[in-house]
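These notes concern the structure reproduced below.
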Amino acid sequence: MSLINDRLKQLNIVLPPAPAPAANYVPYVKSNKLIFVSGQIPMLNGELVTGKIGTNIEIEDAKTAARLCGLAIVSQLNEATDLDLDKIKRIVKLGGFVNCIDEFTQQPEIINGASDLMVEVFGDKGKHSRFAVGTNSLPRNVVVEIEAVAEIH
Amino acid sequence: MSLINDRLKQLNIVLPPAPAPAANYVPYVKSNKLIFVSGQIPMLNGELVTGKIGTNIEIEDAKTAARLCGLAIVSQLNEATDLDLDKIKRIVKLGGFVNCIDEFTQQPEIINGASDLMVEVFGDKGKHSRFAVGTNSLPRNVVVEIEAVAEIH
Amino acid sequence: MSLINDRLKQLNIVLPPAPAPAANYVPYVKSNKLIFVSGQIPMLNGELVTGKIGTNIEIEDAKTAARLCGLAIVSQLNEATDLDLDKIKRIVKLGGFVNCIDEFTQQPEIINGASDLMVEVFGDKGKHSRFAVGTNSLPRNVVVEIEAVAEIH
């Protein structure tokens, strides 16, 4: 019985399938008590959420995309903990990249979509350090990419 | 009596207040012997140092901004060590993002503003690994953002 | 006798000299069981590999540059392990930045140049977590910069 996995049900949060990269890298690596999670990209109903803020995607949709990246991170952590998220002691770090035009400067508001999810799911253990920066281009033109580090008990 | 905090006084370095993020993330997370510090931005007399190199800010001013990011990192580490920076065993890593036009290629010179500060404050323990890259946009249009990892005894 | 260093010979892989930064940062820092490697840039016969994808360098050449960054990372790890790469337990993470125009979206294919090398050299121990993102500018106009984290036994 996992308290966090139960909470996911109560919150009606269904984790997406944990995406498996098709290359010589892997979705996560455990190193002692740390889990390093690869940069996750936003998927909704099997489709990537693409766009560059300031050109063809709204702030609210980009923030939702960041939440989807967060869901993918939780999904990877669920795999890494053999489906028992109670083993997560702390979300240590998020590193967020936002696909945007040069004039866009609200990257923190976008990445909050993922930060808020972490606290929604993990409570105080979900509070993390982070960076949030802009970039002129992301893989497959996704609007957000977020990497993570977590600590296990 | 903290040797490093004493040295700060001798160097006439006054740490800025450690900024507290207003969201579901925190300025730093301790994980075993590591402290992960959130991306710090440059503040001077309560004002953000903004600009994009190549457009409206000079290289020297951007390097000073990187030093201010470094001061904010030291300030967070000071909080994380209960105001005793002697507990810092090593600055492990800096990750530096520089807000610049496409043609600007001297990011290392900018981030040296923070790297030099680390060695000024911590001596050999301040020598760190790092990356220094460009970006087309940063939060609030600040000119530099720097994350850090440090190890404690 | 180091198995991995022997394999390098069998693969005809000659490690480049481990570049030493000329500033207050260092090529790598060991922290307990982790080695944090500074962002490495591509060098070939003593010359930097420069260019921005979409403007003046082809995808295959950029992928080769990423492999050169990977070689520099292995070279730093070789130094960090006193020339015995068998001490490497796992490549934990690569962080890849690709110098490209806004419209380029195949950053993963570029960074695969480094990811493939890690598995070529270290086998399953070379499989790592990673991020791959675009950037509008890199130091000295290099086409790729890659940082790394590895774990030792």
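Lettered A, B and C in written order, each chain numbered from 1.
We adopt the following convention: contacts are C-beta pairs under 8 Å (C-beta built on N, C-alpha and C of every residue); 3 or more make two chains touch, one makes a residue touch a chain.
Everything quoted here is computed from the prediction, not taken from an experiment.
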>> Please compute the angle of the rotation superposing subunit A on subunit B (C-alpha atoms), rounded to a multiple of 5 degrees.
In response: 120
>> Do subunit A and subunit C, two copies of one chain sequence, contact each other through the same residue numbers, with over half in common, or through different ones?
In response: different
> So what's the Cα centroid distance for subunit A and subunit C, whole Å?
Replying inline: 25
> Listing for subunit B: what residues touch at least two other chains?
Replying inline: 32, 95, 135-136
>> Please output the residues of subunit C touching subunit B within their complex, sorted ascending.
In response: 23-29, 31-32, 36-39, 52, 95, 97, 135-141, 145, 147
> Which of the residues in subunit C end up touching subunit A in this complex?
Replying inline: 32-34, 90-95, 98, 100-108, 112, 115-116, 118-119, 126-136, 149, 151
